[in-house]
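Once you scroll down, you'll see the structures, which are given as structure tokens.
Consider the two complexes below, in which chain A is the common component and chain B and chain C are the respective partners.
Entry: the complex of A and B
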């Protein structure tokens, strides 16, 4: 089944049930997101993919397209600024000092900051205390960088028992990312790398990895996050 | 300890969707949920211990550390603060010998704060274990604590006549109903439930019930106002091996307490409404999600369910018909966000009360992935009257688009706080007269998430879905009250109750609260007000659930209704620095940090 929708005025035929992020990407329109992973159930936590659907603000990853939808991604100055504001909110909530971060150049938050044209956060920086958890042999958690996207909580499991390795403790502003060190120690190096790559910020860090590529040759410098998002679709 | 945990596990068939119940059982047995208990539970449920902690640490009343033999939670709402809350708080600290958020040296008392506990018409109030004490004074606190020290149980103190906790007298020994109006639709005394249900099942197929409720124009009383008949229609049409009816008795909106009184004084109205819903949508299972603040209603409610079972109104073949339906009570554990129907369902499944991504909606995929009709307590009670008296009877009341009545939980500056049943279409001024409000200035309806009204400007507005679509909470403030302080408290409430899963609500809520503090401190300028408006728009637009989208409401609405109280506080910016920026403080922070790092002597 296919439906007719418009994105920024452009007429598009889309498959029923596909979400707005995927449909937009397929048609060359990049919508940033820090929680959505293509092919995985939508998490809807970061809200950075907010767009206007028939005039209403909605998170693009959570909305399946339906007939006649008019979607505004870049044509509406207000929604463009809202996405930028959400990225800025994350930069002020946690400690994201790119120059000193192991994830720099591979960090989706940093890359998205560039995409939305952020220079400085409009929100007051919190300067939250730095908290590092070294309990696992292979991973360290830099807690003050967690953005609670829930990717690791939902998508990383102990291969033998199916148990959660990462979890969130507390709620609201007291939320805190946790790691089950025992289960984490059972992770294969490949799984550790996957978990670290899955983390959109510099929170889950593979202890064997950091500052490997020189500036200019790092992941999102070689190919921007936008190019990657659109490219994956064309493949 | 392992034996006790194993017996709890086997009681729930090691079903991890019942984790909330298991955590409560452990806590009620042992006072708190220890690391050891967490490990045993996790092993028994084949979860990681952190996974158990995810649920445990989400809820205000679950304890992972000892918190005293008696756990005391004093309600700290704006209404409590208008009623000698501070003196009572001080008295509690003095008598127990411990400060708030700690336990006294002997391990007897733990003192904690609680957001609204549904007693705004009799504040200050506190919970002690399973019971509550209302209209507190320092003298009363002294008496209660001294009796606890003499090893009298909280139940014995709250209920000196030792009435069984399955009886209404047990509840009314602790709390007043404060029913202020004659029954129109709700609180009808002496109803013959058996014959009502008998007639209803004899005369109607499920479609008739749906049609009747649709024709009555009954809309959800929780606040959203979704047409109940349509919800049941969708529930009936939805496909699922099982279907569920959930009664949302998690009224956490500050200032509301109507569901408490419905559940104590007309509990069977609510049960009958659930049975009607079950019949209509073809569900066999009902759940009452009861907020932990209402523990003292649990056994009483359970008894009402038992009564219905004994009379054949619940169970396998209800009144001899080929219709099966039963109800269980699910206790919450202290989370305002669980009032959101999808968060409530997550909680019923033993998880953190995080609102789900919608679509799908619960009526399509709800509890355990099955079609679920979540209805408010009052909605169900209304439905029980509609199936008895018919749609036309109900339609005659209220206005054309808002039919029937609305319960108001009235608190604050008025002579007669309590429960009022008004027909939709009643004006704010009429309500002010009814409740005996002298000199009211500001009225907050539907709780902090709702709207702020100026009695002067809004007096003639009507309670109805197209105007004041109040969810039942109505707090009145007279000219002596500090509106900015009230609004700041509301902002803090949203910060405390945010589940934290989405960015705008978790992070943005804090920034809005800080802005309010800046205004109150007299350090805000016009730019701060402009930013409040812009940031509020962000929260309202992009938040995942109603909590985040409503969080800016009290600020925006009072800014609209009472701009002068904000303007009075503003200062004019001189030069390039914002008035909130304190250069000396900023510089001293560096000095302090340096000293901390290298020591005083350097």
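Entry: the complex of A and C
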């Protein structure tokens, strides 16, 4: 069953149940997100996909379209700036050192920063000290860069037992990503690479393979995160 | 009345420096010191990072010789993962030659920057020329054709770097055990043949030869000044290969004296057994020296002058540079050359040498091979590595240790300019005595002579103290009671 909605004034017929991000992408409108993975349950953690739905700010990945919805993505300057501010907050809260990070060029946060036109954060950098966890034989866990998207928590499991390998401990400013080193050591090289690729930042790094893509040939240098989101091949 | 002269900041060098000169009641030089007044801390904040970030992060110490830092780090990581020179392993030919290509490209653009932009103004206008003339803008006004060539040369060097490292500055190519790409045919042909806006390799060699001729002409007209200016004794050190010739990428550390007798020769992995470092409260830059000889006698000179003093010859594949080197060696009848301004001669020879080495490499089909990285695993992990290369300013060393989890736990950087610290101070003292000693009036030109002696080393004080910000020098003159009498601040 289909419903009629508008995105930035454009009339669109959409399938009932599809979320706003997917519907927008199908119709050529890019909405950035750092937690949503197409085909996986929505997490709604990063809020980068904030849009206005009938005048109210909502996370586009969490809202299924419904009849008559009026969605503002790029027509409203306030919501555009709000998304940019959310990206800036992530840079301010973590310690993101792009020049030396192994994930540079294929980091979704970095690519999204470019896409929303971020030059510098308007918020003061917190320089919060984080303890790295490199105990696993397969993964460097760089807590400085974690944005608490929870992709790894929900989508990376031990293949034998189904147990979670990553978890979040603590609350509020004391929250930190944890890794079960024993389970991580059982991960296959392919699974480690998938976990690293799933991480939208440089928090989960595959210890066995680094800096292998030359500059100019890295994922988002070949095709931008927006192009990928709008391209059927990559959706 | 006794005096204290201050030059602060020293200009046209990389980093923050300051010179103080103490004069007695008769205006004779009592003391002269080059102070390095900046502090950075790279050795500390790399700790805790994954080991493989070291060459990527630590190259940011410098905006000029970043390839040298990147390669030094890469060599140390080769050791650390168990496929480096410390384990008796050599890289795959394509990997080593790609690293060399990036290195020579950087040497060319770094030397061109130092030689033409920082040093040539005094060669053309003289040390006493007005400050507003003796700079790169004065050069543009006086000789625009030369400056256009220099811009083209630098650009070409940067393009070599980009072809190897992906960017003109702070790129990434070396990874543990090799490199992440070879040289494409298109990139090779572009560098060999040039294109609109980019000169060809033959033009690079021609411009480099012209740059050397510029020194010959300057030397011919100012022989006495060039030969006597800051002639200071020092041992000379550089990396040499099995053919006894300088090897900018890998070799043994060789130290020779005035007669070119070998004083010491070592595998650089053993540097801690041979070298120690002294510190002074008046400078952030350390003073390395050979333990066996002590601080004063054991200080070494590194960089272009030291390299041309140590090397026996160059390869036949670089005939123009080889001939230029023979002329250089003949000038001192085979003895080591201690004339500080001849460092600029040596630098011009090395520009030519780099260009010819690059041409030789570009014509080597091994650069297009696909085998790029040696395999290693946890069983080969050593957790420690030392890398040494001949950076444009001299012998550069990185030493890292990491724990079993892969965290960097220790880093020591011994930078070329640091090795030159004692010799630079000797040069400052020598020029202060010759140009300022006994003079009743101190002129700006005299103070500039002090700076010329420092610039000859093309010191990178930012690297050497591991500074944020700009890079200026202060020269101060103090009286015998330590009161400031004169100060030049730029």
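To be clear about the criterion, the second predicted complex is superposed on the first by the 230 of 235 C-alpha atoms of A that agree within 3 Å, B and C clash if a C-alpha of one lies under 4 Å from a C-alpha of the other, contacts with A are read in each partner's own complex, and residues count from 1 in each chain.
Keep this in mind: a contact is a pair of C-beta atoms (placed from the backbone, for glycine too) under 8 Å apart; a residue touches a chain by one contact, two chains touch by 3 or more.
The structure presented is a predicted model; accordingly, all values stated were derived computationally and were not measured.
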item: First (chain B), second (chain C), both or neither touched by A:134; value: second
item: Partner chain(s) touched by A:205 [first = chain B, second = chain C, both, neither]; value: second
item: First (chain B), second (chain C), both or neither touched by A:177; value: neither
item: Chain B versus chain C as contact partner of A:214, first or second or both or neither; value: second
item: Chain B versus chain C as contact partner of A:93, first or second or both or neither; value: first
item: Partner chain(s) touched by A:161 [first = chain B, second = chain C, both, neither]; value: first
item: Partner chain in contact with A:118 - chain B first, chain C second, else both or neither; value: neither
item: Touching partner for A:7 - first (chain B), second (chain C), both, neither; value: neither
item: Chain B versus chain C as contact partner of A:45, first or second or both or neither; value: first
item: Touching both chain B and chain C, residues of chain A; value: none
item: Contact footprint of chain A on chain C as seen in their complex; value: 48-50, 52-53, 56-57, 60, 165-167, 170-173, 175-176, 180-181, 378, 405-407
item: Residue ranges of chain A touching chain C (in the complex, touch as defined); value: 97, 99-102, 132, 134-135, 137, 140, 142, 205, 207, 210-217
item: Partner chain B, residues of chain A touching it in the complex; value: 42-48, 50, 57, 59, 62, 64, 82, 85-86, 89-90, 92-93, 122-124, 126, 147-148, 150, 158, 161-175, 178-180, 183
item: Footprint of chain A on chain B - complex, ascending; value: 46-51, 53-54, 57-58, 335, 352, 357-359, 495-504, 506-508, 510-511, 514, 531, 535, 537-538, 541-544
